[in-house]
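Each chain carries a letter (A, B, C and D) given by its place in the written order, and its residues are counted from 1.
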Amino acid sequence: MPVIACDVKVLEHQRLTDTIRLMTVSWPRRDKAPKAGQFFMLRCWPADVAPVLSRPISVHSYDPELATLDFLYEVRGKGTEKLAALVPGDTLSLVGPAGNGFNVAEAAGKRVALVGGGIGTAPLYQLAKELCEAGTKADYFCGFRDEPYGMDRFTQVCGKVQLATDSGRFGFHGFVTQLLKPEEYDLVLCCGPEPMMRAVAKLCDAVGTRCIVSLERKMACGIGACLGCTCHTETGGRCVCKEGPVFDSKEVFGA
Amino acid sequence: MPVIACDVKVLEHQRLTDTIRLMTVSWPRRDKAPKAGQFFMLRCWPADVAPVLSRPISVHSYDPELATLDFLYEVRGKGTEKLAALVPGDTLSLVGPAGNGFNVAEAAGKRVALVGGGIGTAPLYQLAKELCEAGTKADYFCGFRDEPYGMDRFTQVCGKVQLATDSGRFGFHGFVTQLLKPEEYDLVLCCGPEPMMRAVAKLCDAVGTRCIVSLERKMACGIGACLGCTCHTETGGRCVCKEGPVFDSKEVFGA
Amino acid sequence: MSVSLKVNLLGKEMAGPVVGASGTFGFGKEYAGMVDLKKLGGISGKGITLIPKAGNQGERLLETPSGLINSIGLQNPGVQHFIDHELPVMETLGTTIWANLGGGCIEDYEKGAELLNPTSVDFVELNISCPNVKQGGIAYGIKAESAKEVVSRVRAVCKKPLIVKLSPQAEDICQMAAACVEAGADALSLVNTFQACAIDLEKRRPVFNNIFAGLSGPAIKPIALRMVYQVCGAVNVPVIGLGGILTGADALEFIMAGATAVQVGTANFMNPRACETITDEIAAWMEAHGVETLDEIRGCARV
Amino acid sequence: MSVSLKVNLLGKEMAGPVVGASGTFGFGKEYAGMVDLKKLGGISGKGITLIPKAGNQGERLLETPSGLINSIGLQNPGVQHFIDHELPVMETLGTTIWANLGGGCIEDYEKGAELLNPTSVDFVELNISCPNVKQGGIAYGIKAESAKEVVSRVRAVCKKPLIVKLSPQAEDICQMAAACVEAGADALSLVNTFQACAIDLEKRRPVFNNIFAGLSGPAIKPIALRMVYQVCGAVNVPVIGLGGILTGADALEFIMAGATAVQVGTANFMNPRACETITDEIAAWMEAHGVETLDEIRGCARV
């Protein structure tokens, strides 16, 4: 199913923390319903204006009834700064839904843990929702540097919710990996900084729990056309935007 | 006296017609009072944002008491569009006052006509003011394609005011050159499209009236450093931003 | 007025002058949901080599002012895989098919071209200009004599119309062009990316593992246009111009400089519909200026 | 921590690594009201030639994406006029004086250099790379042998430290660099502008009377940096890097690639205080990273 390009309207734009924003946009194309783990290439500046490339942002939540999409994102540099300047009524150009997304059918009925680090929690909310609809309440482990965000939403669609912060200001003082007991789960689905995902994958490996990760790469096209986002693996390159961003950790980090 | 670079505040910004704007900014540097015919390089976008070059705009009016500068400008392309988006309180970067300006001392006491075409009228108001202060009320001839702008201001500081429009909707139906009788003047000071200035210069030549013109050129530096604005003359190149923009018509158009 | 955008390139009719540039347009299908591919002149697929390549390690992309540096390194599944799996899909897209053929040694180029002979490929675009691979890339694109050798050897076995894609790194772009035509190129395309460099201040080392990588995008357009202008004056075969084209006006500059058609690369990342937008803008300009066919204006700016 | 920006270039001490690039900085005085010139490493004056030149007719400037094309054509009042009227003012500016010497024929270069011998000029920067004049410009900048001839002839008469300014149009930039050093260049500066083209769609002819003109600005930085990186590896003399530098980070990239100092050209038009801003940004970066002198990081990114 080829991705589409679509101009959508910004409906709401909230500031959750100094650097975290939650943006709601219309997504009229119900025939192209995005699923958990998929993403869009976002652009709200003309083709001839910097930055040259559009920016990939995951689906934080899709509401098929309201036909709206939520993006949860961190303001890091030029691209996300431009996104952050959008106000309701503005137009945003989207390319997507892109990527493979999480395999919810496979996870349904299993003991599932979601592990998120920082802004890596963004795609996990849509995932938790889809799992919940499929009858599976996943446990949610999240780690933040200091201030957590977006957590309240998860409580309704997850089982246990556990929080760790590096600073210790909120929840457990330490890494989320110290909270997770992978032996209690059949499947661990993870998104966050790569070192954290590697650590989670290692813990899972040690006890034989399957671990699924969602990778981040710089992207030019987001649709498999440029090969700029390749992840090198022992069995060859994987196109993160098209074959991913969701992979079995063994496939991309090795066993 | 080297030009300076200065960030100033926009105080007022008026829309006179669809494409004409009048912008008032603070100019705190009384020691660098601009005079009629001088201009500034304007920029209100970051160095790394298009357009690459700043835009030259003449001093339309300088008020030494309020320490304010007026710019009268036409929205033509990227640069002036960016200027047009400024609102009171915004910052504008100026380089100037640049250029030689009109020689008001020489004109004072003579029979003087000011001839302006379209946005070429912009520098003539400050010139009319300075002449008036020097005791000389100049006659003002202006031509516009259709809708005139900025005329009311001139009546207070000029003698006769005569208007021509190409469309005939306002004033005389025809060219401003049809209204001007150069034999009635000792000095004609002119700013407008180059073909119009050449026509005025020719009329003046025919009756031996001295004609002064203000030239326009694309400019990169505006301060005599790049030689991008050269006007070729029979006696060599003239640097429009530094030796000009005001020249004796004979010097630049030949006799 | 009825405007025709049709272009006849080496006997094949193309619906328009805009071709998706190699390496930026996948094998075409990726854009099928966004672009009316039938309006395009063609699609130049991702560069393929006889032996599959994994491409480069490390950073692959870097944004620069109005440009993009890439270090993909010709990652591709190989010519045979292209023929078996990509070509059948390309055939359904309704536009001309350009196989962008890279190589290692000359034998690999020859074998790759031979494999393409019996296929539905419309044009073979010989890539002797990739700055991101050590062998079979830029090596042939700098000195006219090296280019001549590889082009004539491929020409001898290639039964398809042969377009040679030049590097802006060529010592003398006109000599290079003439050498390739002499060696049997039916047409030329230029430019490939410019060899460029970037340094990571925090790591205090080059951003790219290969130190150098290829610059593309609007930043290079003025240089690319100059080279196309020069080459159009140096050879008598069709020239396909590219390098930084983002608008219909950009494309028209290349055509007025003498280009038969154009390719659009990096612009696809700035606007995924760029190839179609540019085509529409060209048509609108022709309409507004009473120009019915591109032949009327091709090369008109040459002095 | 105390940061020192001082640079020793061929035995002369410069206050900082940033030099105003020829043709963009007048003879320095124009910027005196805006820039603290004493912080600069030097000022390379507008290119001068033995015989005064009127420069090119027609359009002289065109903005491009992140770039600028110019066709000034070495308009200048001649070497003697420079010595009589510009140099005395430059002497008061408190920074090193670079005389950017262009030429017509080789004899003109020689005579120009001789005239400069008894003056206060700190460096002669030999411009063999202006793309905007037919004679004595780019002609010497493409082939190493031609460059070698003019450089060795000038070297024979020039008593000043001799910096040769290279063109990015050189067939092989490393060979070119080596040839100039062999011929007696004490240092090299690069790059000059890239030959580029633009077409006016309404007039259906090239924007510039000479068809081609020189591209500068941030657009070219990645290519300029690559060439500087290469040349720093090819010769053992100081290299002054330039081309598109707009920020302190840009300048640091050139220095980490091995450049002794940098020049800033087009950026002066984007920010008239660019030379000072860039100097300050370099100092701030050094401060933040515990780097006390540029020697600590010069060439550190070379692999």
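What we mean here is this: contacts are C-beta pairs under 8 Å (C-beta built on N, C-alpha and C of every residue); 3 or more make two chains touch, one makes a residue touch a chain.
All values reported here derive from a predicted model rather than from experimental measurement.
Of all chains, the one whose Cα centroid sits at the greatest distance from that of chain D is A.
Averaging Cα coordinates per chain places chain B and chain D 35 Å apart.
Separation between the centroids of chain A and chain D, computed from CA atoms only, is 48 Å. Taking the mean of the C-alpha atoms as each chain's centre, chain A and chain B sit 57 Å apart.
Counting only residues that touch two or more partner chains, chain B has 48, 50. Residue positions of chain C touching 2 or more other chains: 64-67, 217-218, 246.
Contact topology of the protein chains: cyclic, one closed ring where each chain has exactly two touching partners. Applying the touch definition to all chain combinations yields A-B, A-C, B-D, C-D. Considering their complex, residues 1-5, 41, 47-48, 50-54, 95, 218-221, 223-230, 232, 236-237, 242 of chain B touch chain D. Those residues of chain D that touch chain B in the shared complex are 23-26, 29-34, 46, 54-55, 57, 59-61, 63-68, 70, 72, 75, 217-218, 246-247, 266-274.
Of all the residues in chain B, the ones that touch chain A in their complex are 48-50. Considering their complex, residues 64-67, 69, 171-172, 194-201, 204-206, 211-212, 215, 217-223, 225-226, 229, 244, 246, 249, 252-253, 256-257, 285, 297, 300-301, 303 of chain C touch chain D.
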